[in-house]
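Labels A, B, C and D are assigned to the chains in the order they are written; within every chain, residues are numbered from 1.
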Amino acid sequence: MIRAGIVGGTGYTGVELLRILALHPDVEVAVVTSRADAGRRVDAVYPSLRGAVDAVFCKPDAATLAQCDVVFFATPNGTAMLMAEELLRQEVKVIDLSADFRIRDHHLWSQWYGMEHVCPELLAEAVYGLPEINREAVRSASLVACPGCYPTAVQLGFLPLIEKGLIDAGHLIADVKSGVSGAGRKAQLSVLMSETGESFKAYAAAGHRHLPEIVQGLQGIAGQAVDLTFVPHLTPMIRGIHATLYGRLAGDADDLQALYAQRYAGERFVQVLPAAAHPDTRDVKGSNQCQIAVHRPQGGQTVVVLSVIDNLVKGAAGQAVQNMNLMFALPEEQGLQSITLYP
Amino acid sequence: MIRAGIVGGTGYTGVELLRILALHPDVEVAVVTSRADAGRRVDAVYPSLRGAVDAVFCKPDAATLAQCDVVFFATPNGTAMLMAEELLRQEVKVIDLSADFRIRDHHLWSQWYGMEHVCPELLAEAVYGLPEINREAVRSASLVACPGCYPTAVQLGFLPLIEKGLIDAGHLIADVKSGVSGAGRKAQLSVLMSETGESFKAYAAAGHRHLPEIVQGLQGIAGQAVDLTFVPHLTPMIRGIHATLYGRLAGDADDLQALYAQRYAGERFVQVLPAAAHPDTRDVKGSNQCQIAVHRPQGGQTVVVLSVIDNLVKGAAGQAVQNMNLMFALPEEQGLQSITLYP
Amino acid sequence: MIRAGIVGGTGYTGVELLRILALHPDVEVAVVTSRADAGRRVDAVYPSLRGAVDAVFCKPDAATLAQCDVVFFATPNGTAMLMAEELLRQEVKVIDLSADFRIRDHHLWSQWYGMEHVCPELLAEAVYGLPEINREAVRSASLVACPGCYPTAVQLGFLPLIEKGLIDAGHLIADVKSGVSGAGRKAQLSVLMSETGESFKAYAAAGHRHLPEIVQGLQGIAGQAVDLTFVPHLTPMIRGIHATLYGRLAGDADDLQALYAQRYAGERFVQVLPAAAHPDTRDVKGSNQCQIAVHRPQGGQTVVVLSVIDNLVKGAAGQAVQNMNLMFALPEEQGLQSITLYP
Amino acid sequence: MIRAGIVGGTGYTGVELLRILALHPDVEVAVVTSRADAGRRVDAVYPSLRGAVDAVFCKPDAATLAQCDVVFFATPNGTAMLMAEELLRQEVKVIDLSADFRIRDHHLWSQWYGMEHVCPELLAEAVYGLPEINREAVRSASLVACPGCYPTAVQLGFLPLIEKGLIDAGHLIADVKSGVSGAGRKAQLSVLMSETGESFKAYAAAGHRHLPEIVQGLQGIAGQAVDLTFVPHLTPMIRGIHATLYGRLAGDADDLQALYAQRYAGERFVQVLPAAAHPDTRDVKGSNQCQIAVHRPQGGQTVVVLSVIDNLVKGAAGQAVQNMNLMFALPEEQGLQSITLYP
């Protein structure tokens, strides 16, 4: 059994990790930390886990965590980078669900995240954990930076077109909509039900932290500079991300449907929908799937890609476990077979 | 492997059966019927099941169904009674999720359901599938009538008090709230999102079809006549039932908390919350649990019981599979371990 | 023009007062206070009021407020009692939307609200502002305590039965459901959309602060002690209260429908629905109406009353303006004619 | 008093017309038709209108309607064109909220709406009722075609940029999100709460009927061909449209904020938000406002415009009344002063 630790077990991604790992046949959750709830039973804080998780929150402590085989950080930005080095030294694998190791250029990171990076030397070692792009690198990684939720949906959506050079990388648009759980489990006015229910708005149109991450990823695929306009929106639902992506066709694009089908043929967690379909975020709720459809309205030069994920699963905890499976040479879908709850 | 058939696979309870059975280690879904969608792939109709269910809807046909070991009816009322006799004759076990076999008195049934019962002689043979009351009878049953969603939440909530004769059976009140999926997957104006979202109302205050079923169940427990006022309400959410139950304490009631804890100590799918807790429907969403809390406000003579279930799981498909496990001598929780999706 | 002041203009009841008073033909909002937003334009904080409210928040200050004809307190409990005496001395009428003057017994008040009352001598002078019961007293009042949202829905629902002594006052049950705006505009985890959306729960079953207020009101009507079990619930919607009330018929009750129709015949803001109807909270959203239906299931001895209001209008700001109209001898419905937004 | 008739009073736009006109000081609603509900009181069908509307639905009949000064068609597409000619002949003004008279080219109309146009000769006479573009023409019109909801939000958003030739008309993108009330009040599976709640999806990516209407409008402004990619989405809320518009800056664009502020300075129903703001659909709910913000992310060449309306008010019934006010030389905001309901 793999001994796993979860740092930051009381946020939504932490609880989601607990939900998934509780049923993972090869993992034992040995440590779950929470500064605020240390000493309390997990299922007293989260009655949804009664009968499934028999654990008590403890304070985060490097020595205890070092006894794990793998430690997940489901923490606010800036926490994982404080402990990662020590854990890696003790041969504990680290999977970070926060943004600390996603951006290779630490100056750029500091600019967007508003703090200094304490271990920039680890950035070269960190593997960006989007298995559909980086599978082999993840297998041998000790430190994996899980992609953000928006970046996962956007990169998987654009990937086949950009790999083949079929769209103009200088004019990409990503209009993306997220459920409110993406804002985390924090007492803040802006995500009260009275403030977000029955309403829709864009936010951070001037620039969202996930922008440099997406650009870095797309540039890696394209092998050239990309210009992306990314506008995130808050949707009155709890889970789900829907990316609507727009690009100008630049090359020969006979059969976009076949292109997507072939690119993702072997992928367990990307499903290309039939031509003319529109994915619905409800169809991936609670599952690790990304569902994608590709359209070319009126046969014109603009291609529209629709890409949906559950922000807490493929956009966070599920993808983290997918990476863990790769790092420990387990079947990639181990523990991730749960089926979408519909309706 | 148990070969299972599902008649009426396109309603919400049918899809939920598919979701649960797809991961059940001892069951193979051999037949899924749908008059409307016959010939279509299940996952074309329900993209939520892509990658998990590899089946095609067929028309309901007794000969095909007779090759199954067990057939689930997830059909509108009045359908199961047309086919059950034939299937039972061929030694197929039948689990009916509709109301056809729930009421032992067929005159009463006809009065509430507005049609004649075509096989009243089967009513004596049918076992009411609430395992927490009828476990042994279910084990040896060939025909199980799964309880309605409201009746499950109400009976489990009242059970310990009525068994012990602690409340006045002549003055029971059940104020129950349901999510809109309880109305089924039918094109009807009253459950449009524009009609039910952001609003709350009671309905059927004059008498709901689940009333005689609940009364029959409670009378069986009480061994005497009961007088119940039952008011159902429509809540602006998709899944979940919350029953708020009121009774007048009649006997010695020292420790209601202990009473509930003891009564349900061995039950895998009933969880008694700590004193002073309030169950939340979200904490059982997608799981087969019933969570219950018992209160005695201001130490008075009125006891208040709060009981929550997921109407499509413990209130329908999950309970059906729980019954199937009992009928086939499998572990009662087989295939039902999935954990609540939170948030 | 009546010069009005609003203390606490940034909570939901404060904004609702602004919305209503902005269109009131006889009122000018002269002062709107907010400690947190002092100096900011009202419509910069609330874009919903752009073009309708041309005001700037200021700090609360007795001297400024004393220049008003009437001051509304839309503040947390414990604030109005600090300023009311001074304003009344300067002949400013005071309408308090908080709980400070609702309970006549200040010991009882302290017990439920957890603080000492600073001006208990004013309690005798305060008029409980439920016009349907206290209309004449309100007309001549200087200090009005507006009822809570739950108490408004419950008292209007029980009123006709209790006035006539038709139900057993010793066994009343009020099962009441509220939208989340009732929790106010505060950064708190429990009313995040991710925590309250798509879910339903009871809370405060052991005793909610509105209990003594309702009991006081019902006892005033009944002229005897009443025993009420009151269980509030949180519903996944923003606005609306639905009270489901249960009583045991004690007297002669030939025609409950006529009883209600007659009792409320002259009331502008109580609408008795036809027999067999079920009020829906959506039908009073944004309006000052209370809609009521009365049922006697199966002709038995239990009467069920369904009573709905918009918690922020008839349950708060609308009722406050209704009281103001009475205090200033204006038509009772002045400024309150806006029609429910449907759907 | 203007005598108004409403044909199709039972859809959401019809009810919204009733809500607005009931408080309009210069209008008497003389006739409200509904085939399905003829003979029933309006407030029996819509309890939200109790006390506000004292009318009975009648069958649509040209002779009765001809006694009105103005007739609103809140009907499915294809109905208004059957009656308009007769009413116009009798000097009744006609305001059509459906699509029958929006497209000047009747071949194009037939292609998108799947039926023949019965009075193409009226198309030249019909005035497209977007007052912010066509105010003078509306004043003297007898037949007004009210714009669709999506076209209103999109055209008002793009208008200042296109008028000035500041963006490349060959590469426009409109990513637009609508609440479910836009689908109308029809019993259809796809807008059940269980199907649309808590989920988000695009639809009609291959081409939506509002596309040719928007293109016609934008071309009229631009004076040249435009290429628009328009993707509508269904959002889990009842009311509201949010358009996110993308264009490539083509000309000199020093101060986009000033451009918008100046263009809409005199408009009563378009509000340009301060720089860096993001409009929220909740802030226009129930009001006739369009709120707009303009962004230029990272100072690049892509301009992002955010434009929100209430689809049933500025997107339908409110705009229809705004047009009526112009046609009858009333103040443009008459009857349209109601303020957004928040929260």
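Assume a contact is a pair of C-beta atoms (placed from the backbone, for glycine too) under 8 Å apart; a residue touches a chain by one contact, two chains touch by 3 or more.
Quick caveat: nothing in here was measured; it's all calculated off a predicted structure.
Shared contact partners of subunit B and subunit D, listed by label, are A, C. Contact count check for A-D and A-B (C-beta pairs in contact): higher for A-D. Seen from the Cα centre of subunit B, the chain whose own Cα centre is farthest off is D.
Over half of the residue-numbered contact pairs of C-D are shared by just one pair in B-C, A-B or B-D, which is A-B. Taking the mean of the C-alpha atoms as each chain's centre, subunit A and subunit D sit 39 Å apart.
For this pair, subunit A with subunit C, the centres built from the Cα atoms lie 45 Å apart. If each chain is reduced to the centroid of its CA atoms, subunit A and subunit B end up 36 Å from each other.
For subunit C, the set of residues touching two or more other chains reads 12, 181, 185, 194-195, 197-198, 236-239, 279-280, 282, 285, 343. Subunit A meets subunit B in the complex at residues 12, 15, 19, 22-23, 44, 46-52, 181, 185, 197-198, 238-239, 268, 271, 273-274, 277, 279-280, 282-287, 289, 291, 337-343. On the subunit C side of its complex with subunit A, the touching residues are 12, 180-181, 183, 185-189, 191-198, 236-238.
Subunit C contributes residues 171, 173, 175, 177, 179, 194-195, 197-203, 205-207, 227, 229-231, 233, 235-240, 242, 244, 246, 248, 276, 278-282, 285, 293, 295, 297-298, 300, 302, 304, 306, 308, 343 to its touches with subunit B in the complex.
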